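The chains carry the letters A, B and C, assigned in the order they are written, with residues numbered from 1 in each.
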């Protein structure tokens, strides 16, 4: 059976969201650096021999799991068909929460959305729409997120304060639904009409996706 | 050699940032849903048999890679933000009632617990485990509560239906007998005077359980 | 957030009553209603200051039932008691018992949830997301997003969403009486001979119904008409009909649960 150290490397690399420096692995496992490199090399060869769909790669000074290059076609489909459609409803809601409630912690966003938002926040961060803007002074010192200048630029806003004000009351789902429809089909009565041509017909905006992500 | 489809699943799950619904995998692979579930089950068994440091889990309606539970000690040291604090008994019992009775109103939860649950429900909502899921159509339109996908992730469940059946927790005959007997009005067999000095151990704290959580 | 595990702090009247009754478990037959009532009232006295009105009312209601039960027990005979009054008291008691059992059921369910949470907490999910080489493929997420759409998304995120209802059970309370359940079981069990409790409550999805069914089984056991076997805690519970009742006290009737 696989030795504990090799299994620990697999576990840590699995939850890491970026390349893990071998020094850090050595520290976690209390092993010499050379032993870590040996372990990783053995794992890499193992995955290759058993023809896994992923590889253990050495990137940017660290180790990480990534998809096997010869399966790129599937990953691309996932990005284009699944991921993008799925992401945009989930990402848009997450982005909206960050925009209106900034600075806001990951836990606060998760509590509003009722789902784990780690992945989505990471995506938004990697796209440059959202960034860490500070730390909660309270215990735990949670990272606080806010929107970036790129976000403002993309939305054609001068500053965050220019976001449309939220209604004083929280409308029921039917109202939101109507609002959504209105935005899709055209300006609803009483809503500020979007500029012509700006009326989005978002291909990817489905309210069913709200729960996943 | 591993079949292409299994490898594709591995590749896609490796780049996903949350549980991937089997429907999406089926679409990407152009396979029936049942075949996807079979593939994933085979992968799961394979990882288990080869004693990997990660597992393929089905959580909150999708498949995802996660670290093997017995390597928690290593991963905990690696993961930055600490695990959330433990929940109080009051919070857990309230959560159990919401989970099993959803959609359920605050008054219904309170009547089962015999205490005011406003504070506890508020805490559970702010942590994202419980959310308002609608309104009672009846008079009063009481807010109805239900559990969230985050709750499923927290418990490592695929769906609410995977909770152990409530019937499993109906107290055993010994407990029922004890309660029944304790509340019997007729003279019990061998009725004796209560032992002197049988005063109860008073709780060492004021009743603030109702409000915390 | 202060998450303390509050063992000796009673969360409510059920908690307290369960504690008072079941701590005597070691010596089941020595449980004295008097002791329970006294302890209950004494604790209530101590808690008095810190209670909100709702909780205090629940405590008092239960105390009233307990006191009445105690008074009744002190009476030598029952002949002088109005039948209707008597029945009402039994009903109160049955209801209290059913609510206690329900509270206990969820207490035990929450203990299992803790185990699930602990187990799940030992695994950490992969959230790595896309590798850079695919980044170019991701359509610009903000393509076509207007401030209005963002506002709508915020409202959507903060508005309760009707989730698919989990049809575990429904809310309308079904008040089957214990007597009815006893009659039904006395009719069904002789034909079955032996059945698991699970089978007997099959199709009942309201806890109270299950609890009532359980009380009925207990009643049959008490009358010597049935036997209950359980190999271990959480093991399947089996109910066996006794063709020759252990005690023979005439026609089947429900004295304790009348009403």
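Descriptive notes on the structure:
Throughout what follows, a contact is a pair of C-beta atoms (placed from the backbone, for glycine too) under 8 Å apart; a residue touches a chain by one contact, two chains touch by 3 or more.
Every value quoted in this text rests on a predicted model; they were computed, and no experiment measured them.
In terms of the stated touch criterion, the partners common to chain A and chain B are C, listed by label. The most distant chain from chain B, with centres taken as the mean of CA atoms, is A.
Of the two chain pairs examined here, B-C and A-C, it is B-C that is joined by more C-beta pairs in contact. Innermost chain of the displayed assembly, by C-alpha centre distance to the whole-protein C-alpha centre, is B.
Taking the mean of the C-alpha atoms as each chain's centre, chain A and chain B sit 25 Å apart.
Taking each chain's centre as the mean of its C-alpha atoms, chain B lies 17 Å from chain C.
Here the CA centre of chain A is 41 Å from the CA centre of chain C.
Looking at chain B, residues 14-19, 54, 65-68, 75, 79, 131, 153 sit in touch with two or more other chains. Multi-chain contact residues of chain C (touching two or more other chains): 124-131, 134, 160-163.
By the touch criterion stated above, chain A contacts chain B in their complex at residues 1-2, 6-12, 14-16, 20, 24, 28-29, 50-54, 65-68, 71, 74-75, 77-78, 81-83, 86, 106-107, 110-116, 118-120, 122-123, 140, 142-143, 211-213. On chain C, the positions that touch chain B within their shared complex are 1-15, 18, 20-22, 24-25, 28-36, 38-39, 42-43, 46-47, 49-52, 54-55, 58, 66, 69, 72-73, 89, 93, 96-97, 99-114, 116-117, 119-131, 134, 160-163, 165-166, 168-169, 171, 198, 201, 207, 210-211, 214-215, 218, 221, 228, 230, 233-234, 237. Contact residues of chain B toward chain C in the complex are 13-19, 54-55, 57, 59, 64-70, 72, 75, 79, 83, 85-93, 95-97, 99-104, 108, 110, 112-116, 123, 131-135, 143, 146, 153-157, 160-161, 163-164, 166-195, 198-212.
Every residue of chain C that touches chain A in the complex is listed here, in rising order: 124-131, 133-135, 137-142, 144-163.
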